[in-house]
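Next come two complexes, and both contain chain A; in the first it sits with chain B, in the second with chain C.
Moving on, here comes the complex of A and B:
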């Protein structure tokens, strides 16, 4: 409960939790269908449209409430993939050392040389757009950073005597990796969770904005920004609302990372 | 002259860590401050410099040098006093030195700052003088070296040089030789004595090593649970200790000159808040009386010195005669190593031509200084280090290179804090081993049996390693090894991180396990421990065996010069009166 007294961590959880709640509950609260044309395009706030209408005359509020569902779950999915793979690669590299370390980390370096967006676009243009594929690609593209950090953390653990003991009694390697070493690097793992959440929502929203993510007429925050960017002066709410939601989520992720980092520094 | 009066150091909430410390050291005199871990000896050493750890403060007391009070000085004046009036030599000078600066610069620094700084030429002359006294070169090339280019013994002497270069009136030595090999240790001690006498400094030598203190100190102050329990001249204290704790501590120290029964001190040091009422030692004292629990004895003047005890002893310490070798039972060969080598033939080998045999219920000690290859050998035996030549294995199994049985031979590590997973309850650590070696069986009876064999209560199973004392953690590590039902225990310096009283009780446990038929390979540099527990000795030097034989024979008539050198460097407690 010491964690509850950590302001960064509490603020981060409130922000991320708030956006998650919005994305989950939004569709239930939306007054209209996200694809129904309610009004003339780019109308300001009116009696039927609380936040006005968008480029095709659809209700901005309804599209906003629907637009987070896919994005937020995809962000969590990509983060999960990035951390699972990153932990497996990082801990294995640190534990096995030698050529395993070299091969794994050079592959990771190679991946790091490609900007995430370019990497994902390369495969999306080749394989087409589908949501599971996007989650997988985003997870893969965010894995190297996590792998590097977790390898560094694991290096400090692999030479400890309790790992040597496990080796000396010939405990299976997967048990040593995930039962002996992993519980001792939870601090950097939690910090990375916050950071990867932030990166993955930025990347996914960016892909939608570029038209490679969720396809119209489905509503999506990244897509909303793209569709309404021309009328920023006439109908700013259609752009500002999704930007705010993404920003709050990303900043929340960052605060969680910082809060965990600070909490673990104090305990040391 | 250093005078410490009424010094108390407390936690933020006022709980005392050390209380009512009184120490007087005359110029040219050395006082030994001894105590086990947690007794507060390092806290006192640092408090004399006005320093404390985080969350700790000096509640009261005076520290004066030649009548000048130090603790009431302003931070700037105190900083200036450090090194010039009072100086400190840390336990590990290698870690205390800045690796990026040359040693010359770090030694001379003190002389070039402050109100009474010297000019450069004079300062260099002084540095050269100090280095020569310490037996180090003082030429430009040496002064231009960085800490990473020097050996441990040289670094410790540099630490000493930094402390004494400004000719302080008081020298505080906090375990300055603990990290050194015995041969280097002797040289450093001789130098400390020479320096303090030639400078006329009052020195306080902090150590847990009673043999060492008996060699360096004129008088000894014994600490227990944050209080002074006894102060006496070294001669009196070691021959005729008055406090029951001092007596028990001296009896727990293993001797090299004779094989003694092992005597530990039962129980543990009381927690900080349990020390306030009655005598702190009452719970572990063999001569405790109801009065001891009701009120706290004062540090009273006795014939021999000052003692904090209602019923001080006046008898000299008695030592029983040598136990001699034991030859009962079946002692067939259990494990054999033939002509083992490690490392590549082109380079100097890590190990070469190692042959040994372990006998059932017997303890073989592997002795040598750091770098002799004793840890490499034990790592080879458990498969953490590949071997390049030779055979090893259990006598009843088909022998082959690298063939081993990870169940029948168990390894116990030096540092009990590192060998248990800090994120796992100790009960889970032990049952993990039980499930690993005996899959599909209920681990609980095995865990309980192992726990009973190492004298631990099942109550500790639910705790994490950080909630246990060092001795308890080492027992947990032994219990984890025992659930595998091993025939050989490989003990790598397993008592060197423990206090002597705890060491004795762990040795007792090991002795009992040997009586049950377990074979021990005991790696250590402590010849007293070897004398106490070993039946056979193997002396290792630079990866080769230089001497090998029954313990009594090696101790009585060592043949190799290296073995004789090791034995000559042992600092023994003065012999007691034969019982």
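Moving on, here comes the complex of A and C:
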């Protein structure tokens, strides 16, 4: 309940929750099909189109309401992959030390030598842009940062008495890793969740904007911004609405990270 | 005493040298692994590369010719060593789309990207110092909180969203000040076309300042709560002297250390920023080449970006290692 008095955290959850609700409920509320052409291109607000029409004459409101679903599930999926793998790699490196640590951290260094977007683009060139593949690639490209942070956090735990005890009574390694060490690094894990969510959103929306993410004619916020960017003067809403949604989503993720970081600084 | 002092100095220097040696060796290993990953990503993955490039309508002869040109029939290790030997001598192959040498294609692009980053840093660093000082001295005030929230929000935004917001604000809907698209005229030095640099430059400056100023702010607050700062005040030293002697050197340290990080961060951000503003840099070259599956260009661009990244991180570590005082986790 103390967390409820943390303004960053509350604001972050409200913002992310709001966007998730919008993406989930949007398709139910949309007045038109997102792909139906119902007006001339780039028409302003009219009787049939509350927010006007887009570059092909489709309803901006309907496309906006449909456009978040993919981004939302993909961002959470990539975050989940990044954190699960990052925790597994980071904790294993800290616990086993020696050459395991050396090899795992060398792999992490290798990925850290690429900007995430460049890393994903390299593989997209060869493998195409199927949505599960993009989620996997984004998750993989965001994993090393989490691995490095969680390894650092786990290093402070692995030499504690209870871990030594678990080792001496020969508990299986996976039990020590996930039952003894993991619960003791939840603070950085929660902070990382917010950060990785923010970066997933940025990466996935950016890929769509560049044309290498979600493909037309599917409705997607990043894609909407790209499709309508040349008509900002006549039909700004088709760009401004998705921009606001993405911005609220990403800033919300960051506020969650900040909020958790602040909460844990106070308890220490 | 006198005999001990130079010894410790030497010992410290020896440790530094061996630290640098280890760090260089690790970077070299990473560099080799980078080349292998880039090569593997474009060769080992499923799919006939020649078919992928030429499309399904390609004739058998043209496919065979392209396979020969790309050495696709050779064993993999020979393809890799041939590619590496080429890379080492600056021969990056030919673009399969424009048939131009990749090196000739990417050199002006790289120059354009690096000049924009250096120009934006020349604006960001002093700006971050001023902003960091100003907000640290008013820590907790409304202005400080507003700037802090603004910087956090800007940092959270995807780069293309920030770019589009600038376009809406400065070049179309609200004010019409700068061209939204910065296609440079070829053959003219970048520095003579400054108006076209404004929007992508501003975008980069915003990304850099919002990160850098927070480091400066934290450092200044650190100094201003320290005992030696209070002591200097109690001694009655003039404010200006305290700022110059105590606060400024300590506030510059994190900014200098972060330069490499900022540089690397900018190179990554540029990929999207350049595409938003059609700025002809290495990032937009990469995104275009991905679309046309121009593999030699993709390979070269990814490799160049990764090497810049690697060097920036190395410089950051070396600076941090040499500047950080021993008591704060520096060389011991």
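Keep in mind that, in the parts below, the second predicted complex is superposed on the first by the 268 of 268 C-alpha atoms of A that agree within 3 Å, B and C clash if a C-alpha of one lies under 4 Å from a C-alpha of the other, contacts with A are read in each partner's own complex, and residues count from 1 in each chain.
We take it that a residue touches a chain if its C-beta (ideal position, glycine included) is under 8 Å from a C-beta of that chain, and two chains touch if they have at least 3 such contacts.
Please read all numbers here as calculations on a predicted model, not as lab measurements.
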Quick check for you: in the superposed arrangement, does A:84 touch first (chain B), second (chain C), both or neither? neither
Examine A:169 and indicate which partner it touches, taking first as chain B and second as chain C; both and neither are also allowed. first
Taking the superposition as given, does A:201 touch the first partner, chain B, the second, chain C, both, or neither? second
Of the two partner chains, chain B (first) and chain C (second), which one does A:100 touch, if any: first, second, both, or neither? neither
Partner touching more residues of chain A, whether chain B or chain C: C
Applying the document's definition of touch, where does A:123 land relative to chain B and chain C: first, second, both, or neither? second
Which superposed partner A:250 touches (first chain B, second chain C, both, neither): second
Let me test your reading of the model: by the given contact rule, A:215 touches which partner, first (chain B), second (chain C), both or neither? neither
Considering only the defined contacts, which chain C positions touch chain A in the complex? 26, 29-30, 33-34, 37-38, 41-42, 45, 47, 152-153, 155-161, 164-165, 167-168, 172-173, 264, 267-269, 271-272, 275, 286-287, 289-291, 293, 295, 298, 302, 305-306, 309-310, 313
Sort out for me which residues of chain A touch chain B in the complex. 160-162, 164-165, 167-171, 180, 183-184, 186
The residues of chain B that touch chain A in their complex are 382-384, 406-407, 410-411, 413-415, 418-424, 433, 436-437, 480, 484
Considering only the defined contacts, which chain A positions touch chain C in the complex? 106, 109-110, 112-118, 121-127, 198, 201-203, 205-206, 209-212, 222, 225, 229, 232-233, 236, 239-240, 243, 246-247, 250-251, 253-255, 258
